[in-house]
Amino acid sequence: MPENMIDYRSDNTGPAAPEILEALVRANEGTALGYGGDDWTRDLQRRFGELFETSVRVFPVATGTAANALSLAALSPPWGLVYCSELAHINVSEVNAAGFFGGGIKLVPVAGSHGRIRADAFAETLAAIMPGQSHRGQPAAVNLTQASDLGAVYRLDEVRAITELAKGRGLKVHMDGARFANAVARLGCSPADLTWRSGVDILSFGATKNGGALCDAIVVFTPELADSLAIQLRRAGQVWSKMRFASAQLLATIADGLWLRLAAASNATAARIAAGIAGIPGVRLLAPVDANLLFVETAAGTLDALERDGFLFYRRSRTVGRFVCRFDATQAEADALVAALRRHAAAVPRAAE
Amino acid sequence: MPENMIDYRSDNTGPAAPEILEALVRANEGTALGYGGDDWTRDLQRRFGELFETSVRVFPVATGTAANALSLAALSPPWGLVYCSELAHINVSEVNAAGFFGGGIKLVPVAGSHGRIRADAFAETLAAIMPGQSHRGQPAAVNLTQASDLGAVYRLDEVRAITELAKGRGLKVHMDGARFANAVARLGCSPADLTWRSGVDILSFGATKNGGALCDAIVVFTPELADSLAIQLRRAGQVWSKMRFASAQLLATIADGLWLRLAAASNATAARIAAGIAGIPGVRLLAPVDANLLFVETAAGTLDALERDGFLFYRRSRTVGRFVCRFDATQAEADALVAALRRHAAAVPRAAE
Amino acid sequence: MPENMIDYRSDNTGPAAPEILEALVRANEGTALGYGGDDWTRDLQRRFGELFETSVRVFPVATGTAANALSLAALSPPWGLVYCSELAHINVSEVNAAGFFGGGIKLVPVAGSHGRIRADAFAETLAAIMPGQSHRGQPAAVNLTQASDLGAVYRLDEVRAITELAKGRGLKVHMDGARFANAVARLGCSPADLTWRSGVDILSFGATKNGGALCDAIVVFTPELADSLAIQLRRAGQVWSKMRFASAQLLATIADGLWLRLAAASNATAARIAAGIAGIPGVRLLAPVDANLLFVETAAGTLDALERDGFLFYRRSRTVGRFVCRFDATQAEADALVAALRRHAAAVPRAAE
Amino acid sequence: MPENMIDYRSDNTGPAAPEILEALVRANEGTALGYGGDDWTRDLQRRFGELFETSVRVFPVATGTAANALSLAALSPPWGLVYCSELAHINVSEVNAAGFFGGGIKLVPVAGSHGRIRADAFAETLAAIMPGQSHRGQPAAVNLTQASDLGAVYRLDEVRAITELAKGRGLKVHMDGARFANAVARLGCSPADLTWRSGVDILSFGATKNGGALCDAIVVFTPELADSLAIQLRRAGQVWSKMRFASAQLLATIADGLWLRLAAASNATAARIAAGIAGIPGVRLLAPVDANLLFVETAAGTLDALERDGFLFYRRSRTVGRFVCRFDATQAEADALVAALRRHAAAVPRAAE
């Protein structure tokens, strides 16, 4: 990448936090039983248990897609319906992995805003289910993306409104926490409050987007779901024989609050940009900037000009750009983006749109 | 693990080669496009192409199970039959991942010896297929484990005898190379000769058991199979967003012949033990020691005594132990095992069996 | 069912046409090779070929769900996207059988009207597909329900506008013809014009709803799709060993234009009711009555009163009733419904809604 | 088929019993709720409950493959192991439908004789399962083919020895009763004794091979398995909308003991042939003739001569022929086969083999 480029393409274009790779390298000592029978993986169970203030089962996996799809496969029978946002990552960006690993699970969109589902819309959906309508499939679970793919964060009461509806119908709850750290950092609540104390059965715990390298994790709060998930993970080719190198990464991620510091940093960068944009005529944010994502709508010419300047980001359309802040993005980079937006927005004739 | 233990449990209980982790750490520089759009992964294609003397597609994956199952899913329709050894890893140790990822693929055992299939038995199996027998499934592919799960290595002519039969029936050929390095080191042939020049369409390239850390690879020699495999890998949650950290490991694995030096070392340890055992009364090797595995049959008491001595290994039965040599096993460890076997075999009354 | 009830619940609550059962009984003569190796099934290929004016492969199956799901599985890879109406039968009423039989196929709704998709909306959907976006899945096929689940029929030019878009992107075309006979009867076109001459690759040929008893059929116009479909059908438990009893039903269905006479009859009943309703204040049809279905919106009290009268039909909501006309519905039954609607609509205070 | 041919190819090449088709035709009266909500299907539950002396759930399905595969999918998780005979129909003749419908179920052969598994071999298999060996899959169920594909019948004590072992390990039990009628007729026991009283959870109740036309059935004895099976059947396209035409067939099958009379007839024909063969030099039966199948080993020339005579049967090899007796086979046909065998066996020089 040329020197002068500033990269807002994704949080996964970034480097890993040095602490995480150092932990990985330190794990390269002596021999250790394979497939998770090692000390690091044992320790991982304990440390995540402390972090979440309850007994949990933690399974390191290679990717967020694996975490999500296998979590849902553990929560739903193959003929199950899983409710989610139309914009949920599982619905639009994972090649229907949930349908595949779940043996035919069907995702059913529920209305909402900015990638979140709304409790009242979910209530309506549930109310419309007729008893015995086997030809539609069996309502099985609901998926919440926290933070959402548009960068919005569910408040605790919003989560609970949905999980209560779910529990009332016997549905299980999955939280896609690819950016869970950003949500926790934003809300300032405890990880426990945002998950099992609010009715979440299984969490996809994202590490990669938040300074990780090669693994994410599944955290199971509902014990009876864990044993068969363990077999499914093995079958899915998601159980490393040298698991210690994955567990060591995850241990480092949560050690001394690193994960929250990293998330707070990327959140802060996004908030700084959002604040800077606020006053610029012709530049609009399409979603709340609760986490580290910004969806910026402005004249196509303004976005073109940013690209010419060397800013890297994804166009969602001619007039909408997505900007993702990494944990290692600098204030200078944030300010450079704001300044450039301000400059180009002023220069581009808006009537030309 | 206590100080005095000597670990022969598996090649995946061992550490990673330092060169591989160093390369991983060095890749932590700047930003890079996700999901394999980075320079390391691009370089990986080229370097593997040089190694195999032909254009290839290389896909890093988390585990050997993923490599095998997704390779087979690329080679066979969901209603296909895949022929393999009764003892093949895909048949006994991967939770039927091939059947799962393949959407119903059925594995059909073919007779042979020491985890290899025999060409003549394969010919008989193929001859027994009646045209139009759709109720049995569609013959689709054959799987060769090289080296086999019992540590035997197919010679080049043995590979070719089988692949010629396969090609004659329109079947594709998959090589499970979890210990491919050991086989190449043993045979002294080129990687090209052992694969595509001998009719192999896809190779599971094992790195983990041979000093790797967190990834293996699929190497595709038949170009038209690669594009749909790429989508299947994405759906399978096997495409890391920060792929560079995987590709960097694989680049280091094959740089300067590291992979062959590591495999030669573990092979040599196994050969040293085999030679030492040769003269011991009451101790017998159950399979050729072509790679880094030894299956030792002896009095149960002898194996018990080894365990008391602190040797770690797996019992396949009361009287059979499997000993796996890692790349970092020492000559002293090898000699210690031989000496202990000799000592205990002499002490244990064989009639007591 | 009590004497005085008039049944508009579904076309599958009705009897079979006597000609069809008679043919089934006549097939009970002598022995015949199993699994479709019989004379009836051979004859079936020829007769459907004549009907469709081209060489076809016809596979009898037990149900429309089987016909649809297995057709789609033949048209799409397991990671494929199949475009369809939000209201398509495959999307809402078949327990995601397409996703199951297709090994992970994902259905993607396209906008339109009355259960049909619109060509311009389909064009937009296709235009939004970005090259190389493997994380969304592979665009593979489009499904047209003809007639639609709301009783609307695509005109020939509407079908062609969609199939041309599909072909332009390399997509295959499936027509769900659960009510294909009603559509052909309505349009007065040839079966060939409505299918392969308009770009349809595979047709689910509905017989059950149109006077059939125990089978529907898959008609394959694109020969290279047929062989693997045959194996999939066998695996799906959809190949009767005594196939002659199914083939005989289908032969009778199309003999002497029976299928079109039956469909014309049910269409005519629906049209008679629609005409009768036209002038009634407070009673509204929600979709064009092109086939044998009527969706009637009126005061809840009116629908309640119909139920008390003994009319059987499904409520889609408090104020919407679905009425389906069977081939054996009588003019008297049609007139009774219209009269009752007129009477109750007049009596029910509309402001009370 | 030419006049002078005598057909021993299969029990599914035969006609349907007239009583069964007459019942089907009689069901064509009035309207009836679809998908099994009709009186015939309700009656079916009651009548089968009486037949089996317990409350059951009966699901008509199109084929035996569907019955078997969906039964196993109801008994095993997708990562389950199902034990069966090497020669079981599910293992060799159903295109791995069990693996497909079961989402990755793996069939594991157990030793035995003539298509049956032996209790002692099953005990050994179970004993070899190591706790926690998740890489092999989860032991889930055992399948018994009664009568077996070689025509042998398990005695009651043999069934119980196996089911007790299964229950002791928490495994479920499936009986493939494609020829269940033949087994009951042979043993003279009650259907209840041979199934749930002996530990069977689900039975594939074969009707087609025993004078049926277009359906078999799944009979569920373990109530908690039935509800999800009902959804799976719907998804599998195995729930006819005009179910009454299937249920009527099954009602006729068991009315007044028809099914046992038909099975007794085909058994008797087979026994008559077996008795006739007994004394013929050079002609040998390869399996006990407990049901309606005979596997005859004799000189290839003898089998060739039978074919020239117009006898239809399947060659399992040059010197082995399979002869299947239909319910409508006559004593004259049986005697003709014996006479021909005797004549040709005498004429063919056995040394010429």
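All chains are identified by letter, namely A, B, C and D, in their written order; residue positions are counted from 1 within each chain.
The working rule: a contact is a pair of C-beta atoms (placed from the backbone, for glycine too) under 8 Å apart; a residue touches a chain by one contact, two chains touch by 3 or more.
Bear in mind that the values here come from a model prediction, so they are computed numbers and not experimental data.
When every chain is reduced to the mean of its CA atoms, the largest separation from chain B belongs to C.
Taking A-D and C-D together, the chain pair joined by more C-beta contacts is C-D.
Distance between chain centres (mean CA atoms), chain A to chain C: 41 Å. Put simply, the C-alpha centre of chain A and that of chain D have 51 angstrom between them. Centres computed as Cα averages put chain C at a distance of 35 Å from chain D. Each of residues 35, 78-79, 94-97, 100, 103-104, 134-135, 137, 231, 234-235 in chain A touches at least two other chains.
On the side of chain A, the complex with chain C involves touching residues 78-79, 92-97, 99-100, 103-106, 134-137. The residues of chain C lying in touch with chain D in their complex are 1, 7, 9-10, 12-16, 18, 21, 24-25, 28-35, 61-67, 69-70, 94-97, 100, 208-209, 212-215, 231, 234-242, 245-246, 326. For chain B in complex with chain C, the touching residues are 35, 77-79, 103-104, 134-135, 137-138, 228, 230-232, 234-235.
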